[in-house]
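Should a chain be cited, it is by its letter among A, B and C, assigned in written order, with residues numbered from 1 in that chain.
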Amino acid sequence: MAQWQKMRSHLSAIPVLAYLLGFGIASAIELFIGYPVASLLGLPTMPTLFGIILVQQSLALLPSAIAYDLLIYLVPTYIAARLLTPLVQKLLQKVSSQRLMLVYVLALFLVALLWGGFHEYRTMILCLMGINFILCISLNLVNGYMGEFSVGHAGFMGVGAYIASILTVWVFPRSLGHLVFPLALLAGGAGAAIAGLLVAIPSFKIRGDYLAIITLATNFIIKNGIENIERIGGSRGFMGMAKLTNVPWVFFWSVLTLVLIRNFVLSPYGRGVIAIREDEIAAEAMTVNTRRMKIIAFCTSSFFAGIAGGLFAHLLLYINPSTFTLLKSTECLVMVYLGGMASISGSLVGAATFTILLEMLRPLEVWKWVLIPLLLLVMLLRRHTGLMGFREFQFLIPREEAEVYGSTSH
Amino acid sequence: MALLHINGLTHYFGGLRAVYDFNLALEEGELIGLIGPNGAGKTTVFNLITGIYRPTKGTIQFNGQNLVGLQPHQIAARGICRTFQTIRLFNNVSVLDNVRIAFYSQVRSSLLDAFFRMPHLVSEDKALTREAYRLLEIFNLERYAHELAMNLPYGEQKRVEIARALATKPRLLLLDEPAAGMNPGEIDRLMDLIQRIRQEFGLTIFLIEHQMRLVMRICRHIKVMDFGETIAEGTPEEIRTNPRVLQAYLGEEVE
Amino acid sequence: MTYILQQLINAIQLGSIYALIALGYSMVYGVLRFINFAHGDIFMVGAFLSYFAAVLIRRLAGATAIPTALIFVGSMLLAMLGTALIALSIERIAYRPLRRYRLSVVITALGMGVFLEHMTLVIVGPWRISFHPLITETVYKVAGVSISTTQLVIIFVSILLMLILEFIVRQTKQGMAMRAISYDREAVPLMGVNVDHIVTLTFAIASCLAAAGGLLYAHAYPIIEPYMGIMVGWKAFISAVVGGIGVIRGAMLGGYILGFVEIAAGAIFPSRMRDLISFVVLMIVLLAKPTGIFGLPLRQKV
């Protein structure tokens, strides 16, 4: 036991940033020796997702996969992290908290590029993670911070997906590609934000279960509505988009979403939203303009869902209404509750975990959706607010707030 | 001119008459009490003043401006703040944040400033945090600043509610049964507190209370309600001996 | 005229089924103030169980000929039993421990629905199953309108079940407890009523009705598949909300209202807009009177 404790404290003494950079270095090394090592270990190809997919194809590959992970990832990451620790610690002391976030963001971006590299599959996973993160944190704004119950997030995603796609395929000239991509995404987000009003305005008078029903109805109406518009393909779907979504773009939008929502939540307006969750009547009595806050929260939430939708559409290159049903909304809910309510860090964790989980379980096909609800149930029974409910990683809290609190509680 | 002017205030909930012909001319700096048996309509009067309900009939004027039809947060921003009969704190939020939230209407930075965390907003936030902290100090609550509001003992929670209300910089403070659940010692301290904040913050105070000790001692003018109607009005001595008041509280058996 | 009468019969048939399922939503909401989003999938499970029950009974009978009425009743009872067991397990394992945490329970319910759909998919496979009707089909012609025995049985059985429910709710102690809980949750345990028992009973009755609804639905639309509960569940849910969720009379009325709305919409608008119209109706009702026609008041004391 004591050995275990010693190891644990030794490992946790190394800063997270060092691990991150170490992983980046390991990925860089993998670029050169990945293939040779894989074939040396008897693996048919270089493992794309830590060998999980390969092992599912053939259980006999498990020892080789584990060996690969150790040789290429775990050991180099640990060694590099150890070596970098003194440098990193010096850096953490020098840098202000604002800059610290920037450092983490840059490091993460670098690692994503290095690991994702030229592998189609890895790129897709990373993009999906980012998209899921945007969906998760935008929903968390309404469900976690404002304490409402929005169950129709996929509808807004669909609005954004369709608007962005229609713009890049029919309206903007194809040659402009990446130049118009942000515009198309923003337009999709704006459309989704307007759709968000469908839920925001009823929320003035209606709360709780009844509002949940309205969000559901909105989701269905959007989905059914799209199905009934033959011009854009109806239930057959829409396609023709160029593959504009890539790691840099997803990263950019993810970071933007994170920063904007984090800033909002820390501000007096964000506190107003939290007040609505706690006690709406008291909030009004304390001068909080609850109507305005509700509109802002709902519309911001659906705006970013729309952005996620646009990114999604230009990743898969084909969308149809049945993508944006209750099942997808449920996925978003699972991410929020898995990661943690009212927690940006939780949204990061939830989105990443969920994306990988879905990929890991993909070969199981139907069993996937048998296991996921059970996992969710087990999760909720153990900790009903989610893994990181109401808590945040240190680097997300600006110095002003940290001084006020002196801890990671929120 | 009276700070708060209520004329012919009447309110029906469906067929039930909760308040009938309530009138009040409250001068600045006064401290008046509203008493009456449970269900008399006292809290409803508060709810009508603060805009939670829209009165069926009657006018409410504050500082010369009409309040009827305004949203509660607008009324609160104009300078009327209240506490609640059952404590309504923001439970899962720290005590400091409870108070910080009440500064909402005083924030000048825009929403865009918030999204991009402009220095303008950061410094404003710092300033209001300092003010919130000072308020807590006045109430001897600063040691609870980072504690979740729901973890505090009952008496402290009541004081947090008052501190929070003061953050809105009100001119008129409505206290709904501030002494509920307190023992005589606590009530004495509460009385001192009320007098103190009235002086320090230049407040006009209108309070609902059941504890006669408190009301009789600090209020100079008292209104009595029963079944929605005002049945008596006057100084504590007048009210104490008023037979209608006794009858309302104790029932027909009193001679 | 005959066209209208014909559609009227269709509407009553559809409405009866919606009412049976809507009752499940309403009863559970009345007792727990919780929308069991998995209820539509309970209905689907009921349909499948009645299919398997019918197959089982036939096989057990072997060569001996059994009157179809008996098979019908037998399948219904067996399906009710099986469905109730499944629903009660879910209640016990998933809902009860999380009961205090409102948001978590609803998420769990959504998850359980997904679980049931895919579990069924795993067990039965992706093919649609053709349901052999247990009713000898005869079509009567009355006043120019054709009514089939199927339609008569559906309507008759539904109404019978609803009458039985009415009896339970109004005349028995447990029924009274159910109504009491829907009015005031806190006071009821103080009067010696075991709330958990009543909740179990409520779930049992709700799932029995849903199972019956499944059997009847399978007779009206003889193709069953694991995703059939989704749309039907939503329509029934809309019915419950329109009539006033938490109120038994409301569920019944709502079911028939939605049946009429759907048949009428189908007659006027293109068929693919049918679902959309039902949801628009829902939105309108929610915005105008969220508690529905017979709804329980949304009380909030300040």
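In this section, a contact is a pair of C-beta atoms (placed from the backbone, for glycine too) under 8 Å apart; a residue touches a chain by one contact, two chains touch by 3 or more.
Model, not experiment: these values are computed from the prediction.
Averaging Cα coordinates per chain and for the whole protein, the chain whose average falls nearest the overall one is A. When every chain is reduced to the mean of its CA atoms, the largest separation from chain C belongs to B. Rounded to a whole number, the gap between the C-alpha centres of chain A and chain C is 37 angstrom.
Centre-to-centre, using mean CA coordinates, chain B is 49 Å away from chain C. Chain A and chain B have centres, each the mean of its CA atoms, that are 44 Å apart. The set of chain A residues that touch two or more partner chains comprises 281. Residues of chain B in contact with at least two other chains: 52, 84. For chain C, residues that reach two or more other chains under the stated contact definition are 302.
Residues of chain C touching chain A in their complex: 29, 33-35, 93-94, 97-98, 101-104, 106-108, 110-112, 114-115, 117-119, 121-122, 230, 234, 237, 241, 272-273, 275-276, 279-280, 282-283, 286-287, 290-291, 298, 300, 302. On the chain A side of its complex with chain C, the touching residues are 143, 149, 151, 202, 205-206, 208-210, 212-214, 217-218, 220-221, 224-225, 227-228, 281, 326-327, 330, 333-334, 337, 341, 366-370, 372-374, 376-377, 380-381, 384. Against chain A, the residues of chain B that register as touching in their complex are 50, 52, 71-73, 76-77, 81-82, 84, 88-94, 96-97, 100-107, 109, 111, 113-117, 121-122, 125-126, 128-129, 146, 164-165, 167-168. Touching chain B in their complex are the following residues of chain A: 260, 263-264, 266-272, 274-275, 278-279, 281-291, 296, 390, 398, 400, 404-407, 409.
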